[in-house]
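Have a look at these structures, which come just after this line.
Heads up, the next two complexes both have subunit A, just with different partners, subunit B and then subunit C.
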Partner chain A sequence: MTEHTVRAFTEELEALGADLNRMGGYSEQALSDAITAMARRDAGLARTVIDGDKKIDELQREIERKIMRLLALRQPLGRDLRQTVAALKLAGDLERIGDLAKNIAKRALTIQEFDPIALTRSVERMGKIAVTQLKQILDTFASHEVAGAVSVWMQDEELDEHYNSLFRELLTYMMEDPRMIGPGAHLLFVAKNLERIGDHCTNMAEVIYYLETGEDIGTDRPKAVDPAMPPLPPPNSESSK
Partner chain B sequence: MMNTFSQTVSDASPDELISAAQQTTGILPGISAKVRTRDINVFYGAKQALFDVSLDVPDASVTAFIGPSGCGKSTFLRCINRMNDTIDTCKVMGSIQVDGRDVNDKAIDPVVLRASVGMVFQKPNPFPKTIFENVAYGPRIHGIANDKQGLERIVEQSLRKAGLWDEVKDRLHQPGTGLSGGQQQRLVIARAIAVNPEIILMDEPCSALDPIATAKIEELIDELRQNYCIIIVTHSMAQAARVSQRTAFFHMGRLVEAGPTEEIFTNPRDSRTQDYITGRFG
Partner chain C sequence: MTEHTVRAFTEELEALGADLNRMGGYSEQALSDAITAMARRDAGLARTVIDGDKKIDELQREIERKIMRLLALRQPLGRDLRQTVAALKLAGDLERIGDLAKNIAKRALTIQEFDPIALTRSVERMGKIAVTQLKQILDTFASHEVAGAVSVWMQDEELDEHYNSLFRELLTYMMEDPRMIGPGAHLLFVAKNLERIGDHCTNMAEVIYYLETGEDIGTDRPKAVDPAMPPLPPPNSESSK
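Showing the complex of A and B:
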């Protein structure tokens, strides 16, 4: 794209993009490390993730400051406006992903006290999918390839299904052996956190799609049924008769 | 159908109306436009200033024309009330209709046309007369009011509509040129309103005004749009965004894109529009 007549404007937008890429890198590293820490029972790594979250939070505040400044001083329009608003939303999603990774790291520290269980591996597999999705969406942001956003947006179902089957598995383990309730509950939260990270990736996919195309991505996304949630009554079940 | 444009609102289905409102070209199918232009080409001597401009302007709304200097937006504006007639070398080709009547029809008196298609310029240009006379002049020569009471009523109403009455009611017989720039611009708008126009053309009406006077004019434009078809040429993108419902972008004598203002400023279709509104050329 050609440059702004006012070069500082181009530079400020580019700086915002660079900050987001950096923030994305930190979040991805935190998530990946949190999962490794849990799988390998690596307390040191878990503490690194927990301490590292501050860096992500600071970066988010910095990005928000830059966006306020940009809106006040440059009044971005068109793609520039979409880019600025998208940056605000993406920074929010990445900050939440950082928090969830930190929470996984905290639980990794707790689970250490228990004997290893096979289920950790299932959670680890789910974690790898979440990392892949996050990586893919960050690549999409950097490369401006809309196809990547659509792909991540469609993939969220995979993570949801993984979560649902893990939920059943963990329940079974906990019912068989009450000593499993402690670590099982923690793993359940880890799985839930991963599922939420998937939701944030989906959000980011929607934001990036709008940023690149100016259109909404749509509403017809395949969705898995959450077994922990009671089914909703059918809409207008009475009046439809 | 031979001409989709002649459809009235009641003929159009809701879907057609929605798609018309979202139309990003200049032509609005399914809605009766106040101003309808087709294939306008304008020449100043040998130099062509406008190329094949076809644009519909709906009534009771504000349409903003934006584009870099020399893009033809003012030339196009001046076609609508035949202001270009006053330039000897200027030749206008194509069809311009106001309420379905061709403005270039021999039977139409440009003076009468300009009463119903009023114009406000960049620099306020009150007559060197009193505030009262500035507003009363038009209605008097057009025979809208002949007796004193009628004239006074029109002057008061017009000044009220222009949001100027309270500021000038005690000095109606002092010279209009003694007012501040913003007040003069509102006086000129009152003068245009006094002859019952249907369309008000504004050529950068705020570019000589400070932000507060600008805000007052914009507030006035927003009120007037209930009853008038307003077209405003502006160099301020922010002003176009604030006051207009539709925006048309001109570049190098061509209409590049027209559409709902919100669309133009968040998701322009044409890369030239994108470059212009984001400050990438100009």
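Showing the complex of A and C:
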């Protein structure tokens, strides 16, 4: 390889990293705005999130085109190869996070005329934790500090526990007042979306750890609770009469 | 490249394809069994699906290791490169389908003592459509017949429509009888999982189309309904008294 080729290659890898940082910024903004839109019944902001998802999808397609070109023309090895394949995976996670944020924004529009705000408060709290985790893993990617990846990887349980307690809380409200069933169902899905965003942050932590170290971060984390299966609250016998 | 190298390379690509076919077979079986477990209240079968997911995850890791090795040692180009990157993506989709099937099996266990079977009937019908789509896209991958990819890609709407009508149906039951709220919520998530499996089949169709033709299948399909946002049924005023 000539010096010129090496420099061009380094520049291409850096451009790829910059695209991913940009995509991460968009996804984080979308998530944060979707949660605000839901909490404040802000239909305009919800529509901004929904329309903005196209930009995230387009950026993913552009990143993938660059990756295919890099693999074909530069035939990277070692850390460069790990970085190229990591970019493909990270772009996939960020695209899904954008989709999930868009879905939250759509549900914010659907439930906007729904009065009791107490229910969305708990969902908003969970949303803020998800934003923090996403921000943390994006910072880790930008700074190459692998400790951040381990930290995010270990934190996933926090969102799982929130999800379980929200599941029970929302079901209890739905049992007490059948008018809550429609909006409650949408909020169950919002909570599930936030839990999934936590999973994507965990995936990204695994990818970044492997990129930086060449090793797997581990296999099974200890899980206190199964996020898929929170126990059902007892049926409320009063309201079932 | 010597003839020996070319032959070894072709064999590695074929082995990768065989691994993917095996992974596809496991995922299809898991999905089909999860739906049967739910429909027949078969706890043993549900547990088989839950335990079997490890096998799918392990196969994904093995496929990824092979892909990294192929990229590093063989530096594939053209169709070979597309095939290698496609394998990475397809393994990702199949792993998620396995997860979603496992989640359905867990929910089958949670709702197994729940009497009215009418609700699960509709979910079972939707499940069978999802199995058919998955089978079709796996056949397309194995046969390289790109028409199958286009067909699956165009069919996604069918599952979206099922999901919307199931969403309304389940919410109506939940409003009529609050004892249905707990199991109904789990069935809402089962329906959502099946809709997501449809999305993964669509993704796979896009990947296979690109692999076989080097072109994008297209961008936006016309969508009759928004799967994220089925309209809420009117609150049942009788049961809310």
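In this section, the second predicted complex is superposed on the first by the 219 of 241 C-alpha atoms of A that agree within 3 Å, B and C clash if a C-alpha of one lies under 4 Å from a C-alpha of the other, contacts with A are read in each partner's own complex, and residues count from 1 in each chain.
By our rule, a contact is a pair of C-beta atoms (placed from the backbone, for glycine too) under 8 Å apart; a residue touches a chain by one contact, two chains touch by 3 or more.
Just so it is clear, the structure is predicted and the values come from calculations on it, not from any experiment.
**Student:** Just to be sure I read the superposition right, which of the two partners does A:Gly214 touch: subunit B = first, subunit C = second, or both, or neither?
**Tutor:** A:Gly214 contacts subunit B only, not subunit C.
**Student:** Which partner does A:Thr110 contact after superposing on A: first (subunit B), second (subunit C), both, neither?
**Tutor:** second
**Student:** So, A:Thr2: does it touch subunit B (first), subunit C (second), both, or neither?
**Tutor:** first
**Student:** Once the structures are superposed on A, label A:Arg79 by its partner contacts, choosing first (subunit B), second (subunit C), both or neither.
**Tutor:** After superposition on chain A, A:Arg79 lies in contact with subunit B alone.
**Student:** Taking the superposition on A as described, I'd like to know which of subunit B and subunit C A:Ala43 touches: first, second, both or neither.
**Tutor:** Touch status of A:Ala43: no partner.
**Student:** Under the stated touch criterion, name the partner, subunit B or subunit C, that contacts more residues in subunit A.
**Tutor:** Partner touching more subunit A residues in the overlay: C.
**Student:** Can you pull the subunit A residues that subunit B and subunit C both touch?
**Tutor:** Of subunit A, residues 75, 77-78, 81-82 contact subunit B in one complex and subunit C in the other.
**Student:** Within the complex, which stretch of subunit A touches subunit B?
**Tutor:** 1-6, 9, 75-82, 214-215
**Student:** Quick one: which bits of subunit C touch subunit A in the complex? Just the residue numbers, please.
**Tutor:** Residues of subunit C touching subunit A: 67-68, 71-72, 75, 77-78, 81-82, 85, 88-89, 92, 102-103, 106-107, 109-110, 167, 171, 174-175, 177-179, 181-183, 185-186, 188-189, 192, 226, 228-229, 232-233, 235-236, 239-240.
**Student:** Touching subunit A in the complex: which residues of subunit B?
**Tutor:** Residue list for subunit B touching subunit A: 237-238, 241, 265-268, 273-275, 277-282.
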